[in-house]
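Chain IDs A, B, C and D follow the sequence of writing; residue 1 opens each chain.
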Amino acid sequence: MKFDMTYRVSYGDTDQMGVVYYANYLELFERGRTEMLRSAGLTYRDFEAAGYLLPVHEAHCRYHKSARYDDLLTIRSSVREMRGVRFTIASEILRDGELLAEGYVTLACVDAVHRKLVKLPEMLTSRCRQFMTPEES
Amino acid sequence: MKFDMTYRVSYGDTDQMGVVYYANYLELFERGRTEMLRSAGLTYRDFEAAGYLLPVHEAHCRYHKSARYDDLLTIRSSVREMRGVRFTIASEILRDGELLAEGYVTLACVDAVHRKLVKLPEMLTSRCRQFMTPEES
Amino acid sequence: MKFDMTYRVSYGDTDQMGVVYYANYLELFERGRTEMLRSAGLTYRDFEAAGYLLPVHEAHCRYHKSARYDDLLTIRSSVREMRGVRFTIASEILRDGELLAEGYVTLACVDAVHRKLVKLPEMLTSRCRQFMTPEES
Amino acid sequence: MKFDMTYRVSYGDTDQMGVVYYANYLELFERGRTEMLRSAGLTYRDFEAAGYLLPVHEAHCRYHKSARYDDLLTIRSSVREMRGVRFTIASEILRDGELLAEGYVTLACVDAVHRKLVKLPEMLTSRCRQFMTPEES
């Protein structure tokens, strides 16, 4: 199952090419994965309060078409992999069903105090399993 | 004495009107006051390490002309007032000597642990005095 | 009548003080006034397509309490004044009914081609009248 | 040859984890490639004025260590590949010689009027050749 949310492009998201600035897609990815977790009953705020942090290990984005000011975008999120200390979220940005951009972000779980890598806790994995999708070729 | 630094406008700073997005001027103001403090021998990082925070209480900006992509701007900072728990930094944004925008930010000093207002510490006021300028009418 | 919309604070909105970075409130103000116009049947995109731009002339914000990561904020917008070439939008940021920040933005209407000031067009003023509120003291 | 520039981390660049927000590295990459071009006598502004745009086709970043507030970073840029309509810039972010993050951005050249792909113009390739570095394994 993939998780969808909508997002309205603001003026501040655009650049002088008249499109969403390329770095801002990564912020859209973050909004998507946060809401995906929330829909499964886990806020990232609670996750941090439980003593974990999820720094980003790797990010990738491929840009197909430009998102524009005032577009109502769909941010589609799913879990590509959970293994050991890491998990990978795949994200797609769509407008009226058309794919504008896609990518993934790999996060590593660390404990908030020592900032050491720790195994993904059950409170995360149990809730994310429903969003697992095999990587598409 | 006013403190000048230069800043190059990036693509990410602009919006689709082809100019620097209006909220980003406040980030330029922040860059200016940070470097002003550093030039006086105080990094804001050290200031935080000493147990203080400077949350913003009020911000104001008046926009005269637009800054554009790739402009080499001058960020000019000075201290308008220091009194009790607050101080106010005036900022001007210039391009080739022409004033593009001007404003001020009032910061309140709080201790980092209890987040209570505290009197501006000597380590700050002694270093800022050289940048005091009377408010212009 | 004032116009309310909700906004979820993202991780990217915060700074290392653990609160929404002060410049980002101006982006929230922009989201609010855009949706206020949309609710009245005018998208800012259409307004630009009709040959107008609304560069910001002045912005002001007073910060009372900090908005935090994952907060569900209310952005409340109203029209304080419309006169000649300018209009002023008042904005409030609330969390659970508590006022966190408030301010205003004055926009000037220019034609997109010559970038000269022009009188606020009827397509804008007729739709904004319902959001007029007297300035509070 | 690789091109180095320095960048001071601002408060606005950080997030509540106390580090530079992950999307902002892509803005650092952009600052680096812009200054690399400028050092070779070509401003991206002039490049646009000549009728070209360079939308981003793909972006990738791997994060090793966190950049923090007030860090003085080195942004190191080089050209990994120029072929047909595309070219790829490699970027590294360092602090005191230590690699914090690295990635690449692939840009596609389009003409500004029709937004169609066009071969990389000589004005770009001739200036970028000096920054060509073979991809490291």
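Basically, a residue touches a chain if its C-beta (ideal position, glycine included) is under 8 Å from a C-beta of that chain, and two chains touch if they have at least 3 such contacts.
None of these values were measured; they are calculated from a predicted model.
A rotation of 180 degrees, rounded to the nearest 5, superposes the Cα atoms of chain C on chain D. Summarising the inter-chain layout, the chain whose CA centre lies farthest from the centre of chain A is B.
Taking B-D and B-C together, the pair of chains sharing more C-beta contacts is B-C. Separating the CA-averaged centres of chain C and chain D is a span of 33 Å. If each chain is reduced to the centroid of its CA atoms, chain B and chain D end up 28 Å from each other. Separating the centre of chain B from that of chain C, both taken as means of CA atoms, is a distance of 23 Å.
Across the assembly, chain A contributes 11-12, 17, 19, 21, 23, 27, 30, 69 as residues in contact with two or more other chains.
Across the complex, chain D is touched by residues 11-12, 14-19, 21, 23, 69 of chain C.
Chain A contributes residues 8, 10-12, 27, 30-31, 34-35, 43-45, 69-70 to its touches with chain C in the complex.
Contact residues on chain A toward chain D in their complex (touch as defined above): 17, 19, 21-27, 30, 53, 55-63, 66, 105.
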